[in-house]
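Some structures are shown below for you to check.
There are two complexes below, and they share chain A, which is joined by chain B in the first and by chain C in the second.
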Partner chain A sequence: MPHAPAEQLRPPPPTTAPSPRSGPSLAAGKKRRPGAARAQVRRNLPYVLMVLPALIIFGIFFIIPVIRTALLSLTDQSNHSRETSFIGLENYAEALTNPQIVAGIQHSLIYAIAVVVLQNLLALPVALLLHSKIPFRGAFRTIFFGPAVLSVLVVGYLWSYVFSSNDYGLLNTVLRGVGLANVNWLGDPNLALGSIIATQVWQWFGYQMVIYLAALQTINPDLYEAAALDGAGRWKSFCSVTLPGLIPAFQITVVTGLISGLKVFDIVISMTNGGPGYATETVLTLMYRKFSEGNYGLAASFGILFLLVSLLIGSLLLRVFRRLETRFS
Partner chain B sequence: MTTTAQRLPSIRRTRRRTSTLALICLIALAILVLIPIYYLIVTTLKSTTEAASNPMGLPSTLDLSVYVDAFNRMEYPRAFLNTFLITLGSVAGVVALGSMAGYALHRKAKSRLASIAFLVLLSGLMFPYQMSILGLYEVVKGLGLMNSLLAVILINIAVNLPFATLLFYSFTATIPRELEEAAGIDGAGVFRTFLTIVFPLLRPAVVTVAILNTLSAWNDFMGPLYFLHSRDKQVILQEVYRNIGQFSIDWASLFPMMVLGVLPLVVFYLILQRYVIGGVAGSIKG
Partner chain C sequence: MRTAAAVVTLATASLSLAGCASAASGDAGSGTKVTIASWYEDNVIGTSIDAANAALESDDITLEYTQIPLDQYNTWLSTQLASGEGPDIIMDGASFPARVAAGNLVDISDETVVTNFTEEGLALATDADGNVYGVPSYGWFSGVFYNKDLFEQAGVEVPTTFDEFLDASDKLKAADITPLAAGLADSDKAIHSLMGYLENAYYRNGEGSPEVDTDFAYGEATLDGNWNDPLEEWSKLIDHGVLTPEMVGVPLSQSLAEFTDGKAAMYISGAWDYQAIKDAGLDFGMFSHVGNAADNQWLLGGPAASMGVNVDSKNPDAAMKALEALASEDAMQAIVDANPGAFSYYNGVEGDFPAEYELVAPLLAEGHVAVGWDRWGVNMPAQTMLDTLTKGLQSVISGQQSTDDLIKQLDDQADSIRY
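Let's turn to the complex of A and B:
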């Protein structure tokens, strides 16, 4: 990446925001002399060299793949024929009309939203409780966070056994024990996605709880005192001090939760493999399927479609949070 | 006066009652969290019939031969080593590249090129890389890295760099420039100064990045699934996956594999618990 030349070539020296330590020669002279420029380059070179490895790796393994995928999505490349031709937006047309793929996109969205909402409903109150003077706080924290270190794949296999409708299924054994009928948790198309969501709430609420706990600890205790002096009761000081203090953490759990929810893959592979029918297929499981079948162009197209969706959701959320923050501060 | 004096103990009593109620709720939740894990472990020690007739009880005999069997069938030492190398390489790479980039970008934040570079890296936070995995497949193939651990390591580094860089960038802001200037006067170059003075001060961020990446690299399944094809290169989770594909009914031999699959990280967590939780908590400082 030709950093240094690019800077020299730019016609008028770009309002050279001088770094605090840039030499007097730069600050004084309006016109950049070649010697001064070279000195500046030499001063900046170590910094450029420190950023460059990160940029190169990120470029090769992140940016280029995105571009390649976008290009691929405009072709009919597959391993069924040797010829590849440009077919414009045909893959996108197919992706948006194929009921299976549309369902996959819906499932990913439902999954992401449901997991985020349910996790927060559990994580926030638990964090508030553990932040108060309750006994065994450390032990509770360790236990609740625990499932987050387990592999999602293994958690999926474990829960598919617990949910099983066979005789050994733990959950159904319990249901029968209290006199209820068996439920086909993973075999019923209406329940399967919900069962998957439940396992991920189980696995990750403790992780979000830790983030809320960290945020609670950063709230300045003086604020509570000030609120108390203003005559605020417990509920009022909760609303005016605790909640605003939690907004940054809330933002993190929602944004990262949604984005990682959209890429749900391991848990579906291990619990239902997309079934029954395609009741639990998600974007990434379908992509893997199309990829395994050799339909590369098509697989690429809904990757790109979904990338756009996640970008849209991400920027929308950031805007919402910015508004929330200005309102509370 | 008398009314407040009378009211106070009753308030205290209700407060104690609510906290007892809260404690009961937390214990119930803890049991709910622990039951599946307990179940996983005790089931591995029972025969299939015993597991069906007495699912929650402790096993009647202690038979570890199933673990030996699983250990052999998973080619555990080899799979463990591959997983370990991938995790180590990813963590080292993300910490090294992320800390250098975050530091340099912060110190040159006023330059336009630096802010563009920063924005480019941050764009990686906005979308999941998995969406462009087909393009990634082509790139890896083009570079001749298919079926090598290095491919998975480099991908992990690229994917996790944006967040790491952001965290190191924010952390660099807390380090006074005067320290570096003093070193500069002593004749140390930028890189030397970074290594000897700045990097040690970045330790909390290093812990956070290292912990988060250890968890994600060790538990990564999709990367190896796409890029590691021959068995000698595969990771622990692929061994679990392979065996479950083959013996989908034979849960008795599966459960020990699942335990062996999660055991290393569980041990890691139990030993370094404070750092793991602290590391995750540190992620909100980004």
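Let's turn to the complex of A and C:
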């Protein structure tokens, strides 16, 4: 019996039939019965009440601060004066023409992209390996996930000792032990950002690995069996069954990785404090610096610009992944 | 629905009652509480706070101290003050003039508490019109600690000029000894090195004068055209391998360990590191920052944190009494005694100088202690300039920019932050 090509083994697309619960609202064009809307409100009320506490907390700790920060960014508020004036978009003009902030944006982008790419390049093969039945896989999973439970600040301070360029630096001691010269990991502007990226790849790839492991476990084994019956080899099976099944996991690791990468702050502060010079300053460390200097209005404009950039990148990525999902589903 | 409304009403009422109970218990406490905060650890300021509390006991006032880590202090205090909060007594160092300019402090010119302090001690807390807003806790200075054994091993004498310092460093390197330990990743050692050199080779003995800094603060002079030659000369420390790009990747704690472990011959610091060095069992001493005149040396230093009353204090009278207690002879003596090598601007209070300070004690007695950034503080937030200088020097030492680039960077920064 001829086998169907592996591409045809995808699960059928979800039906669009309305669920029984959504009946009245989907009855477009039909006249609503009097009292139907009230009944629906009454039916949804418990859910609204359940969401309400989270919504209030979100409003108090996110929406209101964002609005206040946006208003602050339009003023010249600073710790140099007790008077504050409205100055329109002057802070934004300064932020966008400041060479340090431009460099900070570049560093943030380089960091975010490099961390996401490298973490995924490491996490996916390791997850595939630890998904198979190898000895001690539970122990390996724990070991690789271990660094993710540490505080970023602790990791930063520990690695600043490991990378130190004097005699106390662990890595350089090892290099000297094998006859190589010391490397100025954190003091060389060309290496400092890379050194920071390396620590974060080390710390978080295990976390990404766990996400991939979880996603791998949701893929129906029957699909592999069917692919094998259809003559698909390992590579074909990986491309046609495993990868499409991992798209939701990719979405999580890439979107959250990029957003948190753009927000990088604590590891930079603990390892290089933005140095040498401005070589590892990021948007948030610069924002913190402007805030520390007492330029609250300017620092607030950095924050709002950063929020807008993050929203833009986040929504673009979500759109890309939605298309990918549609294509593969 | 009625039940839900009742629950909400009850919850609100209980919260209000809880609030009342809390306020009542606060009022029923013992006396008035006055708050004070700084980055000083308990071993630095603890005995002084105790002495002040003992003096305040009769007034039923308690002084409550909070320590905030140094790297967070400026942000913490600025945020508090911006929102009309903050401790009743404000303590700050290089940024104290910024607090004065921002109107955060009460004018204490007419209070008797200021009469016990020298004019130099009050300089950081005095505005351009001569009004006084605070008093200094004590005086700090920095010089160069040196390991006597390593100097002897390399056949090096204590340098008294910059050229001698470079020669000594070359000899130490030739003897396979690291001349200077300096963790530049997170410290201000390069700033102390530069400003110590400038005080000795430019402001006091060279072409410049301290007035250049005052003019710079008010925007009547730029560093470009004044600092170029001395900064170029100072950068010989980089050419001679005394300050190295590798140091930019070393944290402060490791550089102190390098000195206390006897791996480096010199370490720029002050009284705050004295005990750690002493505990390491080194045979050490301290000499002054050097310039071009052996007979006119200057230490880097000035008033440490100044203290003043927060203009937004809820207990201004109690805060003033607490400030008087902190600025009493007993409390001033206590803080000097707790910090071997520190000195006081309070008339009549003197600290004990350990034997290791024998070379710098005469300079302290002559009042040869000054620092450029205190002069900047009259019209700009000096801490911001120091942050820029820290990063700029990292860039110079790691070869990212020239000394002239750094000077331009400082001028640009100053233009954007003057009051």
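Quick note on the criterion: the second predicted complex is superposed on the first by the 280 of 329 C-alpha atoms of A that agree within 3 Å, B and C clash if a C-alpha of one lies under 4 Å from a C-alpha of the other, contacts with A are read in each partner's own complex, and residues count from 1 in each chain.
As a convention for this text, a contact is a pair of C-beta atoms (placed from the backbone, for glycine too) under 8 Å apart; a residue touches a chain by one contact, two chains touch by 3 or more.
A quick note: this is a predicted structure, and the numbers were derived from the prediction, not measured.
Colleague: Check whether A:168 is in contact with chain B, with chain C, with both or with neither, and answer first, second, both or neither.
Modeller: A:168 contacts both chain B and chain C.
Colleague: Output check: A:131 vs chain B and chain C. Expected answer is one of first, second, both, neither. What do you get?
Modeller: A:131: touches no partner chain.
Colleague: Scan A:274 for contacts with chain B and chain C and give back first, second, both or neither.
Modeller: A:274 sits against chain C, while chain B stays out of touch.
Colleague: Examine A:146 and indicate which partner it touches, taking first as chain B and second as chain C; both and neither are also allowed.
Modeller: In the superposition, A:146 touches chain B alone.
Colleague: Kindly classify A:62 by the partners it touches after superposition: chain B alone (first), chain C alone (second), both, or neither?
Modeller: first
Colleague: Does the superposition put A:182 against chain B (first), chain C (second), both, or neither?
Modeller: After superposition on chain A, A:182 lies in contact with chain C alone.
Colleague: By residue count, is chain A touched more by chain B or by chain C?
Modeller: B
Colleague: Per the contact definition in the header, classify A:79: touching chain B only (first), chain C only (second), both, or neither.
Modeller: So A:79 only meets chain C here.
Colleague: Go through the superposed model and pick first if A:310 touches only chain B, second if only chain C, both, or neither.
Modeller: first
Colleague: So chain A touches chain B in one structure and chain C in the other; where do those two contact lists coincide?
Modeller: Common interface on chain A, chain B vs chain C: 161, 167-168, 288, 291, 296.
Colleague: Spell out the part of chain C that touches chain A in their complex, as residue ranges.
Modeller: 74-75, 78, 81-82, 98-99, 101-104, 184-186, 245-251, 254-255, 257-258, 263, 381, 383-384, 387, 391-392, 394-395, 397-398, 400-401, 417, 419
Colleague: If you look only at chain A, which of its residues touch chain B in the complex?
Modeller: 3, 6-7, 14, 17-19, 21, 44, 46-51, 53-55, 57-58, 60-72, 126, 129-130, 132-136, 139-154, 157-159, 161-162, 167-168, 170, 173, 202, 206-207, 210-211, 213-215, 248-249, 252, 259-260, 262-263, 265-266, 269-270, 283-284, 287-288, 291, 296, 299-300, 303-304, 306-307, 310-311, 314-315
Colleague: Within the complex, which stretch of chain A touches chain C?
Modeller: For chain A paired with chain C, touching residues are 77, 79-82, 160-161, 163-168, 182, 184-189, 192, 272-279, 288-289, 291-294, 296.
Colleague: Sort out for me which residues of chain B touch chain A in the complex.
Modeller: Interface residues on chain B, with respect to chain A: 19, 22-23, 25-26, 29-30, 32-34, 36-37, 39-40, 51-52, 55-56, 93, 97-98, 100-101, 103-105, 107-108, 110-114, 117, 120-121, 124, 126-139, 143, 154-155, 157-159, 161-162, 165, 181, 189-191, 194, 215, 218-219, 221-222, 225-226, 237, 240-241, 244, 251, 254, 258, 261-262, 265-266, 268-269, 273, 276-277, 280-284.
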